[in-house]
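Should a chain be cited, it is by its letter among A, B, C and D, assigned in written order, with residues numbered from 1 in that chain.
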Amino acid sequence: MDLVAINLIDGLFYGLLLFMLSAGLTLIFSMMGILNFAHASFYMLGAYFAYQISLYLGFWAGLLIAPPLVGVLGALIERYGLRRVHQFGHVPELVFTFGLAWLIEEVVKFIWGNNMMAYQEPEILKFALFHIGSNSIQAYKVFMIFTSMAIFIGLLFILTRTRIGLIIQAALSYPKTVEALGHNVPLIFMGVFGVGTALAGVAGVLAGPSLGTFPGMAVVLGSIVFVTIVIGGLGSLWGALIASLLIGWMTTAAASSSFQFATLLEFFGMTPPADLDESYLRDLWTLSLPQIGPILPYIFMILILVLRPYGLFGKRDA
Amino acid sequence: MRNTIGLAVSAVLALSLGTTAAFAETIKIAYIEPLSGPFATNGNTGLAEWQYAAERLVNEKGGVLDGMKFEIVPFDNKLDSKEALIALQVAIDQGIHYFAHGLSSGIGHALTAAVTKNNARNPENRILYLNYSAEDPALVNDACSFWHFRWDADVDIRLDAITDAIAQQQDIKKVFLINQDYSFGKAIVAAAERGLAAKRPDIEIVGNELHPIGKVKDFTPYGRKIVASGAQAVITGNWGPDMIGVGKSAIDAGYDGPIYTISAASLGITRTFGAAGKDKIHVVSEGHLNPPASERAKEYTAGFEAKYPDYDIIQPRIANAVEMLARAIEEVGSAEDVVSVAYKLEGMEHDSIWGGKVYIRPDNHQAIQDIHDQVHTDEGITFPLDNSEYGTISRNVIKMASMDAPTTCKMERPERP
Amino acid sequence: MTPALQLDGLHKRFGKTEIIRGVDLSIAAGERHAIIGPNGAGKSTLFNLITGRFPCTSGTVRLHGHDLAGKAPYQINRMGLSRSFQITNIFPRMSVFENIRCSLLWSQGYKYSFWNMVGRSPELTSKTMELLEQINLTSRAELPAGVLSYAEQRALEIGITIAGGADVIMLDEPTAGMSHSETDYIVDLIRKVTQDKTLVMVEHDMGVVFGLADRISVLVYGEIIATAPPEEVRANPKVQEAYLGAALQAEH
Amino acid sequence: MTGIPDSSSAVSPANGNALRSSLPWIVAVVVLLVLPQVFQANSAITILNQMMITIIFALSYNMLLGQGGMLSFGHAVYMGVGGFFCMHVMNLVEANELPIWLHVLPIFGGLFSLGLATIVGSFSTRKAGTVFAMISLGIGELVAACSLIIIVFFGGEEGISGDRTYFKPFFGVKFLQQNEVYYLIAFWTIVSALLMYLFSRTPVGRMANAVRDNPERAEFLGYSARWVRYFSFCGAGFFAGIAGALVAINFEILTETDLNLGKSGMILLITFLGGTGFFFGPIIGAIVFTLLQSVLSLQTELWQLYVGALFVATVMFFPGGLAGLLMMHQPAMRLGNLGLLVVPYVNTLIPAAIGALGLAGLMEMLFHVRHAAVGDIEMRLFWITFDSHTILPWVIAIATMITGFWLAYRNAPKLRE
């Protein structure tokens, strides 16, 4: 029972982290139709910027300064890169972000090297806040959970209660109409792109200390963020939230389970082969759920796309 | 237009791959490792170590064979078997007779197979594989080759030492295994299970996790599992971010026992663990920097640190490999007669700069040497790692570990010249 | 004789709003029929219902007596119905020649062949050239379709629509957004290429419809209020009231 | 030429003269026959082999992206799976001494990948665009993960290796040497490229273009967009399998890196770099990329940074890729005023190139200063040796960079005219 509670908390932590990334991506994706492959790279930049700032000014300064920096960088890339490529069509646009992800990773390696950075949690949050059974829950994780929840609520407030939010929401569904109403849609796009990347930056600042700050951190998370928003449904912030949490809990549960596929095979009436090394199914007999945990979201996504191309909450065709 | 492209291809290929090294003023050792991509630092550290060892241990002493110097020629294999094979081909074309490789046993297997094929198909262009890090036991067992020599202690030897260390601690009753899901990780599991069952049948393996390599974003659930299992010792072969993930999540979740590892040192890992991992992280390997084995070792290490402040000596065995190769070449009297050099290396006994002896088993070409159980700490450290205050210090040594371990190696030997 | 196209009790609902509220219409083979109506009357929706782009909420569409319900666009096309689109809908990155040739492929029996080279058939090439001649685009054959002028693109679109040899041709506002001279040009073209075929067109421009159609249906708020030859429709007071009044007065 | 663009393949093929359309193929055959005479080094031939394999793979990818408008993130799966199957066939041949020629192995690979493509395509080609892209990404991740789990077929991270010399000798040729393999691969390259070219001329190939441009309109031409996509997808899978089989023959080993997402991403970059709008685009991309990869990586550790920058620049400034850039000059060539372009080119491209070189020099110096050993202040760049710790080279590099880019920027508008 304890373990279930702990896994719920751990899954929530990971799910909310995913959500901070997918929220920005959903905004960008549904508004501009760009599958921004470099989104996770902005997450990485957030972590590295914050690390560099924390060396001089400490963690909290990093948390405050790094995300806006990332956002500005994102907006600049939108203005001078994406907007230029936009006129060539969707595929070049996507390929551009793909190349951008590559380039950002190389630049990070050039500046900071290949090694993991010793980016640490702030000292005041480095303690076990409470225990469930013998497991301790770190204060920093709780802080992270609350921060991301606050961001979600703030975002929801802006989107549903303010004028700019209404314009953005309208632009999500009817970009042409909004443009016809006289709003500066390119500027909105640039702003949304900046805010989206800044959100990814926040995620990076927060996740850097606990998940590690290294050049591969973008690749590790990159495609899973797409999976999240595709499962959730394009253009749906709620969908992104639900899908993030689902994936968070799914991977955590898979990693913490000890389910063996042998049990399943036996359930279907198969008997384990006498000599495992000779059997063509030997890999299946020795497989356990944690081994395939990280690919579960991909299987889930394929199923969703085949059965329901709109995603869980989407209204528009992917 | 194909014509012009063809011409361009010709020109560039001719420029870059020109097989100009017909006359050898130096003895070239190709270094085939990732020099770009995610593991470039590992490759570059090794390169620095090889270059330093060749310079310091051979060239400064006047070289071998009356003044022939060692030259390390780096090739980027991009951590890809195909690229490694191409690099090997280029090295062979340049008339190189020795190559060093260590990162990734998978590539090690590809290279071993390729070297065996090449040396059979092209007897006039033979090349010797100096393995300083690929630790898959199979390379000196079923997949062994006459042309392959390994100075590193392989998984079986290291795990023999780890299980020895655990067996000596009578209060440890529960052990947790967590490894990456590929041949290396599985070899560790097999060796650990075998060793513990033989040495301390009362120890229970309370967890045996294999996780996908490089794919796990959040290791917390694994940390929870370790704590929940009540484990008193953890054994992991993880490296890179996966190592940090396991260590950090276990410590964060409240685990307080020792974590036995193969390679949790330097490359940012020591720095990242810092105080949190003090006295918890054990690195079990041959060779040690702290405390310095001798004045000579101290000088050697200090010289390296001064020359490459950003790198650490993480593979002390490279010094052994360079010294022993130099000796073999000197004794044979030729660097080109690869077969004789290989026969000379077989059974060679050598006084290591890191103390103790190194002996190359003739039946499988594995080096037998002292294995040290080293602990991550900031006390008594002469040579810290990662430019931090922390380093690893030898707490326990097993002399000539696994000297008489059985081997299934059946190598095809060329005729002795 | 079975009518070429027959609509029975056609309804279409989007959410709560009913766009098409019971349309019955029968169009004889060889007839040129126009559907007109004020903006928002549901002309395009009706058009899309007939061509299977949207499913009907209730009612049936029959082509030569065969029910079209649940048929995919390509199946409907193979049954002999071809349509154009309101927004220019050509293959912009392919050459004009290729646009037409692709449109011919299925009717020439090529199907999903991947062993027949299309370039090998002189017959296909000459048929393509013939069609290009008809729509006056021979001189543009090698240009990518995307660079043609607007009127040329519309002409090409009509060419693509008729190329497959379908006997029921449906055109969705073929002259939308054109100048007077361009409109005349397209109307002549339509008249020329749809000889001996059934033509159904949705149109806004009155001049086009009155010069071209044998019969006209007037669609207002999802219902057909009149179906008659042009002169009768012109005289029909209900139509005048609902739609034509202002426009006709301006014309006189 | 092979380079008749999709957009204006136009009127000629039927009645145009046969010689003109077959000329490029004859030239290609001649070039491929002559190349190994020019480069006799095994390593050069290995790289040429790799180049040809990449050409087939890129052409097959362009069947999806360029001709069918389907963006795939998992195309390497079909190459890898076909290759793995061929390795198993190879091992079967060795174990059972089956009388099969090595030449027919690619057909096995092609058919096996075709089989997989028919299954995956049945649900992934229902829609184009994002749905297709994301399913391909999912399948790519799935198969890559499986390749480490299902050891029976994929051999884990070691991969599957074999020996090509056990096949039935082909008129005495046993494929011991690289250049024997070269002719086999060259044969299959020509055959595959020709078949793919012819495929693009068939009704399905033509309709694939139509579906790419406008799926809705294509449906009203009597063709189901889905089936057209499906057939293109299966064809692309088949040829990717052939490429995989050639990998198996050339390297005698297949590993996870042959089918992972990195490989899939790479082929997307290669194809796009070459240009997706023309049949010969991917060929240029494959040649340029292989050269960059093998030559640049021998010269600099930063090669991936440069390739990344080159790629982003290509997308931004030449979305048609290199082929698009070349074909832009076709009208000028026809009009015979290509000469007019020379001056603006000299004015713009040369300063741009100089600027880029200056920037690269700056990067290299920065990298050298930060990573070279202490005291190692000499560096070689563009065949000049200098001291990277003095100010002069920095000033020169910065000055060249700024002037170069400034001149290019100033002259660029003239070029556009």
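Operating definition for what follows: contacts are C-beta pairs under 8 Å (C-beta built on N, C-alpha and C of every residue); 3 or more make two chains touch, one makes a residue touch a chain.
Keep in mind it's a predicted model, so treat the numbers as computed, not measured.
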Fewest touch steps from subunit B to subunit C?
-> 2
Between B-D and A-B, the pair joined by more C-beta contacts = B-D
Subunit A to subunit C, mean C-alpha position gap in Å, rounds to 47
How big is the gap, in whole Å, between where the Cα atoms of subunit B centre and where those of subunit D centre?
-> 34
Separation of mean Cα positions, subunit D and subunit C [Å, integer] = 44
Hunt down the residues of subunit A that sit against at least two other chains at once, touch-wise.
-> 109, 291-292, 294-295
In subunit C, what residues contact two or more other chains?
-> none
In subunit B, what residues contact two or more other chains?
-> 40, 181, 212, 215, 310
Sort out which chains touch which and give me every pair.
-> A-B, A-D, B-D, C-D
In their shared complex, subunit C is touched by residues of subunit D numbered 6-11, 13-15, 198-199, 201-207, 209-210, 212-214, 216-225, 227-228, 231, 235, 277
Could you please specify the touching residues of subunit B with respect to subunit D in the complex?
-> 1-3, 5-6, 8-10, 12-17, 19, 35-37, 40, 44, 48, 75-76, 78-82, 85-86, 89-90, 92-93, 104-106, 109-110, 113-114, 117, 121, 136, 181-184, 212-213, 215, 306-310
Where on subunit D is subunit A touching in the complex?
-> 65, 69, 71, 123, 127, 129-131, 133-135, 137-139, 141-142, 145, 149-152, 261, 265, 268-269, 272, 276, 302, 304-305, 307-309, 311-312, 315-316, 319, 363, 366-367
Residues of subunit A touching subunit D in the complex = 35, 81, 84-85, 88, 90-92, 94-96, 98-100, 102-103, 105-107, 109-110, 223, 226-227, 230, 234, 280, 282-283, 287, 291-292, 294-295, 298-299, 301-302, 305-306, 309, 317-318
As the complex stands, subunit B meets subunit A at residues 38-42, 181, 209-212, 214-218, 220-222, 224-225, 227-228, 230, 240-241, 244-245, 248, 252-254, 267-269, 271-272, 274, 310, 386, 388
